[in-house]
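After this come two complexes, each holding subunit A, first together with subunit B and then together with subunit C.
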Partner chain A sequence: MKKGKLLLIGVFFELLLLALIVIFLKIDNFLQSILIFAVAVGIWFLLARKTRMVENLGMAMEEKRKELLLIALLMVIILPFFFLNNIYIIHILILALIYAIAAVGLDFQMGSTGMVNFAQGTMLGIGAYTSALLCTTFGVSFWIGLVGAIIVSGIFGVILGLPTLKTKEYHLSLVTIAFAYVGYLLILNMKWTGGPDGIAGIPKPKLFGFSLSRSIDIGGISIPGKMLYFYLVLLALVLLIIVASRLKNSWLGLTWNAVRDDEISAKCYGIRLMPYKLLSFVFGSVFAGIAGVLYAHLVGFISTESMAFSVDLLLVAMVILGGMDNIAGVIVGAILLVIIPEKFRSIQDFRILLYAVTLILMLVFRPQGLIPKKVRVYRNISGNR
Partner chain B sequence: MVDNKKLLDARNVVMNFGGLKALDGVNVHVNKNEILGLIGPNGSGKTTFFNVITGLYHLTDGEVSFEGENITDKTPQEIARLGIIRTFQSSRLWFELSVLDNVILGMYMREKPSLFSSFFKYNRVRSDLEAKAEEAKAILNEFNPDLANNCYKRAQELALVDRRRVEICRALVAHPKLLLLDEPSAGMDPAETKELMDDIKRVRKTKKGLGIVIIEHDMTVISTVAERVVVFNFGKKIAEGDFSQIRLNKEVREAYLGKE
Partner chain C sequence: MFLTFLLQLKNSIMLGCQYSLIAIGFTLFFGILNVVVFCHGDFYIFATFAGATFLLIFLNLLPGIVSVILIAVALFIAMVLTGFLGVVVEKVTIKPFRKSNPIIPILSTLSAGTIIEQLLKIFYPAGSNPQIFPNIIPAGGINIGEFLFGTNEIVILLFTIVIFIFMYFLIKKTKIGSNIVAISQDFEAASMVGINVDRYVSITFFIGASLAAIAGFMNGIYYTVFRYDMGAMAGIKGFSASVVGGLGSVFGAVIGGFLMAFVETFAAAYIPGGSAIRDVFSFVVVLLFLIFRPSGILGEKIIDKV
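Up next is the complex of A and B:
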């Protein structure tokens, strides 16, 4: 197949995805949302049957990776322009990107190292509270709050990681659940965290002297501050994706996978388990901490609600839905699980139902996730495969 | 004075599981450049012996030394770094990884992977991994060209026979000084077994100083490949010598065929 044609196929699918997302977010009508959702699911099922098509798409993603990623990035950059008249949708998009950051971090544990961690939402909360407290009580800037949150969440990553080293599988998950509840209850019951009232008045970050809370005029067009915030979060996500993919495609990713697949084999090849498991917790927690900071300064108010157990569950669900150990998959999972339920807010109770049913269907029919992980491919040096 | 011909020396090794004596004071040594066959009925303690040497089990009593260094209390990782590499009876590959990744990970100990370089010298790390992938393909090709052609298959998709071959390739790229093979030919047909044994002999010729211990059930295999044989029964060493001697040993015949 010609390379140009491969690129065309890839771009076509990216445009299709963009169109679906834009239309889905544009419509207000509940029935229409259901319709679009059904169309998307239908397209996906049709695709799953056409193996040739899937193969071509897979080949396109492999051969034209750089080009397709760049085009995808461009599409995300223009995405908020479709919603200039509806700031709320931009807010939802920002939330999707923030959760994507936390989910990519969670995947270091779940996907790479095979440890199901139910405390990622708590880590997000810890990052959010750290920055909120620093900014409101000491009046420091967003950036110093961010650095503080990275350090504190990294430390808590070690604190969570240490007891889990002695445990495996279900027991490990139980330890993380206990951690999540202890963290939640502590913050809820301490005075200096604001207790159940939370912390209000978290300032918006400033970029080159511009506060992201107001809109700015560029050539007569008024750009809302939310949109600038969107780009700030997008920048963070892109940087962290680069970090994550470098980690996963170097020795660290390989050793993480070795620890996941067989610990005894790993030991017999000189791989020490403890440092690698700890690293996976530390990196994951730092990602969550950064997501938490971005969340706190977006909403301007933070309470234990943002680190409730449902958030932990939601993050785990994002990784499972998207596909473990696959960055692209996890991001798709995060975006879907933020965007889809938002549209079904009109019927609150069914929203949760839909979400639960989606998860059950995924685990039964496609446990590998929407975009399953692929094996690592190495470029040929000598030319023969 | 340390006997520099001796690679591994296990003295008076005792391994108790509760009341069960899995190993009851065995003395086994392996020389450089030697293929030692380790045989015995099921449950006689052969695999336990491997687990003790590689540090997976903590022995109850006795001492193991490797190249004159006491390794009794070392961790599996430290022992692996000294150059003792093993395969497993029921193959223990990293099943969700590709064949290629499995073999590349075998080279882990030759590396000093650092976090710094995965961030800031990423291109060098990648080209280094690509070179390692070439090396991995070359060794797979030596064992079975089919494996090299299908090196992007996940390990779990392989047939049992190929899993064992991949496991041996993974062990060899770790540059072992002592290679422990736990029933490498189990589940293979005679032709495949012969091929594998030829491969093992070839490896021994090309790697100078390499000692190999091979656990086997198949006596014809042992007779063709092993230069010296040790027989275990009920956790005790009951015989030692070359195969023709062992075959005539009364105790060995009783262990395998029952008392007459």
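Up next is the complex of A and C:
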């Protein structure tokens, strides 16, 4: 197949995806959004059936990886321009990207190293509280708050990671659940964290003198501050994706996978489990911390509500839905699980029920996730296969 | 001073009865299938709802019946329903994943629990509000000096002891028990010598879930107020108790359950400001156990097998 045609196929699918997302978000009508949802599911099933299509698409993704990723990035950049008159949808898009950051972080543990972690939402909360406290009590800027949150969440990552050296599987999941509850209860009951009232009045970040809370005019078009915030979060996500993919494609990622596939044989080959498991927790927690900071400064208010156990479960569901150990999959899972329920607000009561049913259906019928992980490709040093 | 101590002791024993009944379920499931059933706490709260519903129905339909019979019948129905719920949950969310990565059953049972919880919230009348358990056991009790032992407390304590003795005989002296022990020792060898493994797994889930049902019913009788989301915490406490006692050991689960209850109650009573963060203390105990003695009080040492 010609290379140009491959690129065309890839671009076609990306445009289709963009169109579906835009239409889905534009529609207010409940029935219509269900219709669009059904169309998307139908397309996905068709793809899964027609193996040749999938093959071509897969080939396109491999051969023209850089170009397609660039085009995808461009599409995400223009995405908020479709919703200039509806700030709320931009808000949801930002939330989706923030959760994507935390889910990519969670994937270091769940996907790469094979350790369940139910405390990622708590880590998000720790990051958010750190930055919020720094900014409201000491009046420092967003950026110093961000650095502080990275340090603090990294330290908590070590604290959470230490018991994992002795435990695995069910015991490990209990450790993380206990950590999540202890963190939640302590923050809820301490005075200096605001207790159940939370912390309000977290300032919006400033960048080169621009405050991201006010809109600016460029050539007659008024760009709302939310949109600038969207680009800030997008920038963070892209940078962190690069970090994550570099980590996963390095010897570190390979070691993590060896630990996941068989701990004992990894040990026999001379891999020390401790530093690698700890690193996986530290990286994951730092990602969650960054996501938390972005969340706190987006909403301007933080309470224990945003680090409840349901958030932990939601993040786990994102990783499972998208596909473990695959960054693209995890991001798709995060975006789907934020955007789709927002549109189905009229069935708000059934939301959590639907999450759980989806998760079970995914586990039974497609345990590898929507976008499964590809087999690792080894390259020699010169970059050729 | 001594009186408060006695009161706290009584409270912790009441709580310990519930925790150990839940923990026995965890330990049975883990023993037989090497899975941790994260929706066990939702079996518990399901039983509270079922028991309350049937008690209300009976009270409306047949007023004037002796309360002991009513309670017995409602408890029996709640146990059977919850038992079948346990069997169904095993068939749907655990059986398909017997050979897969242990992450998968953790997630599938967690979501099963969420489904049960949400169904209770959505479909039970006014399900998102706290419910009131029909107060059917006569007030009063035995006074020892200033210390009052209420009727409901006596009922709960005696009943738990009966259940413990029953479980002991079930596991040690009956064919069902010996088959369950055989399966938990070696799943494949047990099926080779002709034990119908699937059937005994179902039986185990029935027993475990109905034990949780008893705990749920006790929760209703003792605290009289319950809500759809109480199951998650009860489940995590029960799981912690079984881990502290040693996963796989029934006697350990009982000890673990009472230990957890003691820590929680006394920390809440004697540490200033402790009542709001009472759960923190019990989780810290669990974390300490997991770090320093992961096999629990009575568990066998965990040895990695290739």
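One rule holds for everything that comes next: the second predicted complex is superposed on the first by the 377 of 385 C-alpha atoms of A that agree within 3 Å, B and C clash if a C-alpha of one lies under 4 Å from a C-alpha of the other, contacts with A are read in each partner's own complex, and residues count from 1 in each chain.
Keep this in mind: contacts are C-beta pairs under 8 Å (C-beta built on N, C-alpha and C of every residue); 3 or more make two chains touch, one makes a residue touch a chain.
None of the values given here were measured: they were computed from a predicted structure.
Asks: Does the subunit A-based superposition show subunit B and subunit C clashing or fitting?
Replies: On the superposed model, which is not a single observed complex, subunit B and subunit C fit side by side.
Asks: Have a look at where A:Ala356 lands relative to subunit B and subunit C in the superposition and call it first, second, both or neither.
Replies: Second partner only.
Asks: For A:Leu252, is the partner it touches subunit B (first), subunit C (second), both, or none of the two (neither)?
Replies: first
Asks: Classify the contacts of A:Asp28 with the two partner chains as first (subunit B alone), second (subunit C alone), both, or neither.
Replies: Touch status of A:Asp28: no partner.
Asks: In the superposed arrangement, does A:Tyr170 touch subunit B (first), subunit C (second), both or neither?
Replies: Only subunit C is touched by A:Tyr170; subunit B is not.
Asks: For A:Asn189, is the partner it touches subunit B (first), subunit C (second), both, or none of the two (neither)?
Replies: A:Asn189 contacts subunit C only, not subunit B.
Asks: For A:Ile264 in the superposed arrangement: first (subunit B), second (subunit C), both or neither?
Replies: both
Asks: Quick one: smallest Cα-Cα gap between subunit B and subunit C in the superposed arrangement, Å?
Replies: Once the two complexes are overlaid, subunit B and subunit C approach no closer than 8 Å between C-alpha atoms.
Asks: Residue by residue on subunit A, keep only those touching subunit B in one complex and subunit C in the other, then list them.
Replies: In subunit A, positions 264-265 sit in both the subunit B and subunit C interfaces.
Asks: Under the definition above, what is the set of subunit B residues touching subunit A in their complex?
Replies: Counting only subunit B, the residues touching subunit A are 54, 56, 75-77, 80-81, 85-86, 88, 92-98, 100-101, 104-106, 108-109, 111, 113, 115, 117-119, 122, 125-127, 129-131, 133-134, 137, 149, 152, 154, 170, 174.
Asks: Taking the complex as given, what residues does subunit A use to touch subunit C?
Replies: Listed in rising order, the residues are 110, 114, 116, 162-163, 166-167, 169-171, 173-175, 177-179, 181-182, 185-186, 189, 263-265, 309, 313, 316, 320, 349-350, 352-353, 355-357, 359-360, 363-364, 367.
Asks: Going by the contact rule set out above, which residues of subunit A touch subunit B in the complex?
Replies: Contact set of subunit A toward subunit B: 243, 246-247, 249-252, 254-255, 257-258, 260-262, 264-272, 279, 375-382, 385.
Asks: In the complex of these two chains, what residues of subunit C are touching subunit A?
Replies: The touching residues are 30, 35-36, 92-93, 96-97, 100-104, 106-108, 110-112, 114-115, 118-119, 121-122, 232, 236, 239-240, 243, 247, 273, 276-277, 279-280, 283-284, 286-287, 290-291, 294, 304, 306.
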